[in-house]
Amino acid sequence: MALPFTHLLQLRVRYSETDQLGTFYNSRALEWFECGRTELLRAAGIFYKQMEEKGACLPLVEAHVQYLGRARYDDLLLIRSTLSPAGKASLRFDVTIARIADSQTLPVAAGYTIHAITDPAGKPTRAPAWLTEALHAATQEESPT
Amino acid sequence: MALPFTHLLQLRVRYSETDQLGTFYNSRALEWFECGRTELLRAAGIFYKQMEEKGACLPLVEAHVQYLGRARYDDLLLIRSTLSPAGKASLRFDVTIARIADSQTLPVAAGYTIHAITDPAGKPTRAPAWLTEALHAATQEESPT
Amino acid sequence: MALPFTHLLQLRVRYSETDQLGTFYNSRALEWFECGRTELLRAAGIFYKQMEEKGACLPLVEAHVQYLGRARYDDLLLIRSTLSPAGKASLRFDVTIARIADSQTLPVAAGYTIHAITDPAGKPTRAPAWLTEALHAATQEESPT
Amino acid sequence: MALPFTHLLQLRVRYSETDQLGTFYNSRALEWFECGRTELLRAAGIFYKQMEEKGACLPLVEAHVQYLGRARYDDLLLIRSTLSPAGKASLRFDVTIARIADSQTLPVAAGYTIHAITDPAGKPTRAPAWLTEALHAATQEESPT
């Protein structure tokens, strides 16, 4: 996986994700961000489930969301996630969520999450090999001379 | 704790628990049932958190909910939970949820959950002492001669 | 749509749907039941979103879940939903959820939901035409003489 | 209500709010922020439920969370919310969440939400009187000469 690495995911808004205003409840954006992360990693050949089983977790350190438009029950969403390094021992996912309307996509939310690399107890741990290699490659790309 | 054991809990409906119909989303009833269980056990001097840490879990085997009326954001709910034995190695919580209106309570939901007693891996395990004693006392009360 | 009508849906367990026991939190089963309903209706040419916009809602009257096995983060689930009539003015969805393992499917949950047909304010309302026709066809099939 | 206005709320972590790492799932922080907002407004004599019924909603425009420490099932949380103006027609809630341990409080999360003032359809609308007055008082306090 070369960083930055981008992935697209389509999801429908579930009824359980709506609220009484008729749109999605605000915290669902972070849950959709998570769906995007899982599928981005899978597309890169990395199974986050196995990564955690081997003792490397990616807990959130920071999350940011801008709410840009409405999405309602059963609307089709396009989640674009991009993974990039964020310092030595952390990762950043930038995410945009758009709603696929008849002939266009309309912005719904945008934001990012920053993740530490820890063991299951929350202690910082060594990055898994795939990550070290990806970060190394990313750094080299940035300063190729 | 003598069985059956009953406990009352008040909760307000959170905005995150509503859906686009303007009432609570149906699965929240099971989450409120869980709040009732936690507080019933605490009232009986049992901390479910510690119980799980010692290796005795109470995973659901069965759940049933009847939806009897509406509850909206910020409505005050009264959750009445009753713990009783359900066979040798399982427990049953019967729950009613009512909405506290001006001068009355209106039914919102009623149901029950049945729980096995297992270790964290899901294998059936010995009931903790508090439970054995409560079940024993309950049985004796039922046949006091 | 001829009743009973069955539909299959595949879903992955989200991280947000797990709990500290490492499996899915119990109320998620009802949320997955809802995903099954939405997609069953779509497969039959019925868009529940539009149905609600036209004023016919299907609020839950009753839900029942049996928990049969574990499902963990990222496990692939197979949700089988069957719609059948339940009395004159209500519908019943029977659902089974299985986990797709290497060479087999393992049971996770089974249950049903029963739904009234109401307007958005919760008052019983006329069934939409698709439903009346499906119920009529179902009744005729049952007594074909 | 004079701005900034601060409110404290205690909450326990629900089982449904945990995830397989054994702590709270990240999006729950935004749900706890919402509980803090509702109770802050109530403490100031403002019932957000009634405010929405009168047509003034406070949808999120932006949310930010820093995750500072762990909180587990049944941990007691202290949510400190502060309301302040954010431009002419929006509000900002700053929130810290701490865990109440034996003799101390430990940081769990900190962040903010920014809210627009809209009608139920999402169109910007006039601020309700309580808000105009509070904003006016806040502005005067800032420049008292």
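Think of it as A, B, C and D in the order they're written, each chain with its own count starting at 1.
We adopt the following convention: a contact is a pair of C-beta atoms (placed from the backbone, for glycine too) under 8 Å apart; a residue touches a chain by one contact, two chains touch by 3 or more.
Note that the structure is a prediction, hence the values are computed from the model and not measured.
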item: Higher-contact pair (C-beta pairs counted), A-D versus C-D; value: A-D
item: Most remote chain, CA-based centroid, reference being subunit D; value: C
item: Distance from subunit D to subunit C - Cα centre to Cα centre, in angstrom; value: 36
item: Centre distance in Å when subunit A and subunit D are each reduced to the mean of their C-alpha atoms; value: 25
item: Sites on subunit D at which at least two other chains make contact; value: 15-16, 20-22, 27, 31, 34, 52, 72-73
item: Contact footprint of subunit B on subunit D as seen in their complex; value: 12, 14-16, 31, 34-35, 38, 47-49, 52, 72-74
item: Interfacial residue positions of subunit C with respect to subunit B in the complex; value: 20-23, 26-28, 30-31, 34, 52, 57, 59-67, 70, 113, 120, 122
item: In the complex, subunit C residues that touch subunit D; value: 15-16, 18-20, 22, 25, 27, 72-73
